[in-house]
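Take a look at the structures listed below.
Look for subunit A in each of the two complexes below; its partner is subunit B in the first and subunit C in the second.
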Partner chain A sequence: MSIDFWINVGVLAGIYGIFTLGLQLNAGFTGLLNFGQAGFMAIGAYTVGILVVDRGWSLWLALPAGIVLAVLAGLFVGIASLRLRSDHFAIATIAFAEIVRYTLQNAAFSGGNQGVLGFDAEWRAVSDWMLPWLATIGLGAYTQLPLFIVVWLAFVALLLMMKGLQATPWGRVLRGIREDEDATAALGKDVFAYKLQSLALAAALAAVAGFFVALNVTYLYPTVFDPTFTFFGYALLVLGGFASYGGVALGSVLFWTLLEGTRLIETSLSAGQQASLRFIIVGVFLLLISRLRPQGLLGNVNEMRVRP
Partner chain B sequence: MSADAILEVADAVKDFDGLRAVDGASFHVERGSITALIGPNGAGKTTMFDLLSGFARLNTGTIRFAGRSIGGMAPHRIARLGLVRTFQLTRVLAGMSVMDNMLLAAPSQPGEHLPSLILGPRRARAAEARSRADAQALLETFGLRDKARDYAGALSGGQRKLLEIARALMTQPSLVLLDEPMAGVNPTLGRAILDHIAALREQRGTTFLFVEHDMDVVMSRADRVIVMAQGRVISAGTPAQVRADPAVVEAYLGSASPETTA
Partner chain C sequence: MTDTTQTERTEARASVLSSALAALPRPALLLAVLIVLLCALVIAFGPVRALQATVNGFVAGSYTGLGAIGLTLVLGVLKLVNFAHGDLLVTGAYFTILFAWLGLPLPLAMLTAMLATAALALATEKIIWQPLRLAKAGSLQLFLSAIGLGLVLRFTVQFFAGSQVRTLGANVVTSIAIGPLRLGTLQALALVVGISAMVIVGLVLRFTSIGKEMRAFADNRALAEVSGIDTQHIINVTWIASGFLAALSGILYATAIGSFNPNFGITLLLSLFAATVLGGIGNPYGALVGGLVIGLSQEWSTLLFNARWKPAVGFALLILMLMFMPQGIFGRAKRRS
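Now for the complex of A and B:
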């Protein structure tokens, strides 16, 4: 039980790591407060689910389609609201994520609160192919281990890609915008176009995370993509540190270890009280970090500011 | 106007809710000149720079740069045409290294665009190496070579001013607008900046329009002087002509005469 439990924590850490790479790109490297990341994740996941179940698409073709749709949503949100002041943009992204959730709850195509079920047969086949192979090294008993491996391979690959991208002249323009968008425009950079690219890329990462959420929970329903999940992402950014992709990995592992590990604490509290206690413990930890190490564990104190 | 004007402003008007900051200003800047823009506090000089660089929109009037109308154009487009400005309140990118501040300003870097970055990474790297050499040379000139790796936020006020000017020059502009470039810079360094500006004008034919309150600097370094007061251009000509213009003396009365503000 205990190893399965921690494998599942690892899966969550990997998925939310991918999710938060996008937030790091936006908030840590572009100075954009994107609070709608859960909405992009939902669009990616539901596109995959609906295309497979209703349209009979292959899961593997539905994934890129989900990414494309999330990117289009990112472009739409960006074009509609990136020219607003930065705080208005942040509010617009929250509104977007809420609209996505209400739509999924109430629309016929998304199955309403019943959700979408039965899209993961092709993944099961891959997983069943991996398990005997894992059994040869004595790990065949852990049914979530294949997902853990695939999620972390994807997370590490995407993390390295984002790190590489950030080190290019393209990434430098984003940092310029984070520091001072007028000064960056005065040097001939099309600030709006770069913000749009940053948001679209974050939406793509959210869609990939949504794909893995779908495989993990095996059926999609709106509360899985509650807009508050975006704030889990920001919480782990605070832990791991702004303007550091390594910090996303560390922050995600730490955040989910804290949040899930606290389930194991034996208390005489009711289930509801115990659930609150877990968030209190995480909250206290966040406060301590932001007090003792405001830039986060791996963050860069010189680059942490999200400027208006 | 003049045949070799790089910049022509006609009847420019800019209102800020009720307050008319620029009130029908007209002037031109000659190509390859070092021109000073002077005037008492609140005359509208910075607002004029904002209009020229696209950071503020004209209410009425026209601005022509290198023969094309740029009134209402976005700041980044104007900058790419070769008209670059610095800010009166220095704006360095504090959370980036001094070198990155410079490299960000390099013109036509293919690595800044995702398609050309992915399709031609080698071309992007080559461009980056060239830019780095250019940036080194400029930082050397401005006495910032040893600071290249430091965060720009760690520089002193004067050094930030220098970095902002060096960064503007890094874009290889044809017209540079400098808003009080000497303010807060020590006099020795200030002279070095002015020497460098004069040298760039000689070598590359770069045009400079600068706002400056120090009349010694204006009279000794500028080929032409444009005088603004209360949103209008009240005089323009050689330093000697402007100094002798009764309208200029009158505009400065009540504050100080142009000769003594130094």
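Now for the complex of A and C:
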């Protein structure tokens, strides 16, 4: 029981780690306050679910399709709103995420609040193939372990990829945009195009996270992709460290350990009250960290100089 | 030959028309657009349905407009995008339930709830916003603090009151008939209170010195400071007004809609942002007008689409405004300082 519980925490940490890599790229390295990440995640996950269930696609083909659609959504949102002031951009992205959630809740193609079910047979097959192999090293009893392994392999691979990208000239231009947009433009860089690429890549990462969310919860419904989860992403981002990909991993593990750990505390509260309490904890935590250590644990304060 | 003259003539006429339109003051133009839309709806759907939707639109417009004033003042005066503002509306509605449960008669409970919410808003200034300002917090810090505060407010309400649907406890099911139009007594009450509150707020902003100072501050902070306005005093008053009107708006919403849960604030927040952007950020009159436009558009949209898409109209207006008219309908494009 207890080990299954912590494996599940690890799965969540890995999934939201992937999700937050995108936020780190946008907010930490490009200076873009993207608050619509949950919307991109929903688009990725629902594309996979609907293509498999309604169109009979293979799960493995539906994943790249989901990524492509999320990237297209990212390009669309970016072209429409990247020219706005940073606070207007934040409001526009949050509106985008609400529109996505609202559409999924009310449209016929997404199954409304009933959601999408029965797309994970191919993943179950892979998982069942891995379990006997895990049994040979004595870990066959933990049914979520295969997902944990796959999620973390993907997370580590994507984290290294993002770290690598950040060291390229492309990554340095992004940081230039974050520090001084006008100066970067004066160097002949197309600031808009770089921002657009940053947003599209973040959307792709969100779609991958959405794919794993789908495998984890086994059925898709709109509340799984509530815009609030973007705020969770930002909470673990600032916990781990601003402008640090390693910080995303640390932040995600710490955040989910602390948050899920509260479930283990024996209380006389009702289930609803416990759920509320967890959100209150996240809220208080956001208030405290913004005040006390805005750059996070691994962040460098010089990376987030206050801009006018 | 005749073809070209025809085109030229049409073009000339079009340019005369457009320059005449541009010469009109923006409020008149807006009013004209709304009247034309209303006439179109009357023709398409008959006067009863169109006017009924219009009356509903004024109800929605009054709580949206009053809710948006606090948001726009805080944004204008403090440059703070207050993501927790929707949750102040919720706090107001649930404070009413609390005080009514404690035994106060409902109207008194509402008033106490507004005062309590105003005090809460002032407390957030002292505990959260003032220290962050003094520490010269960046925009991400401010965003995350506002989001954190919103979560704390919403889920504290949910912790104590639960997430089930509630009412304010005024179980009035009678309705008033004005000719063929029907309006629930509570909705009529919300409409009268909402419109009167809008007028009072407008007068206070226009004629009292504190109202003038607040507008001056929201419009150009540096200039206002130079002319000797007490900064911290204005900020305090802004929070008090923001909390008070947010609670009023939440209570009007609760009264007019009838049933609600602690999530209504976050759902309404985007409509409030839309009203704010529509009216021009920092412009409280604009927020009132923007709220009415949002309310009318949402209710008119129910004639065309299924009513469940109503909130989507607010989102769509918000995005269109941000894209094409970020300075608002009354605003002038500002030069960057």
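Observations on the structure shown:
Keep in mind that, in the parts below, the second predicted complex is superposed on the first by the 289 of 308 C-alpha atoms of A that agree within 3 Å, B and C clash if a C-alpha of one lies under 4 Å from a C-alpha of the other, contacts with A are read in each partner's own complex, and residues count from 1 in each chain.
Keep this in mind: contacts are C-beta pairs under 8 Å (C-beta built on N, C-alpha and C of every residue); 3 or more make two chains touch, one makes a residue touch a chain.
Note that the coordinates shown come from a computational prediction; the quantities given were computed from them, not determined experimentally.
In the superposition on chain A, A:T168 contacts subunit B only, with no contact to subunit C.
Within the superposed three-chain model, A:E303 lies in touch with subunit B and out of touch with subunit C [touch as defined at top]. When the two structures are aligned on the shared chain, A:S244 is found in touch with neither subunit B nor subunit C. Of the two partner chains placed by the overlay, only subunit B lies in contact with A:Q197; subunit C stays clear of it. Shared-chain residue A:T262: touches no atom of subunit B or subunit C. In the superposed pair of complexes, A:Y102 makes contact with subunit C only, with no contact to subunit B.
Residues 304 of subunit A are contacted both by subunit B in one complex and by subunit C in the other. Residues 168-170, 172-173, 175-176, 178-180, 182-191, 197, 243, 302-305 of subunit A are the ones that touch subunit B when the two sit in their complex. Residues of subunit B that touch subunit A in their complex: 53, 55, 74-76, 79-80, 84-85, 87, 91-96, 100, 103-105, 107, 109, 111-114, 117, 124, 128, 151, 153, 167-168, 171. Listed in rising order, the residues of subunit A touching subunit C in the complex are 27, 33, 35, 80-81, 84-88, 90-92, 94-96, 98-99, 102-103, 106, 228, 231, 234-235, 238, 242, 272-273, 276-277, 279-280, 282-287, 289-291, 294, 304, 306-307. On the side of subunit C, the complex with subunit A involves touching residues 81, 128, 131-132, 135-145, 147-152, 154-156, 158-159, 162-163, 270, 273, 277, 308-309, 311-312, 315-316, 318-319, 322-323, 326.
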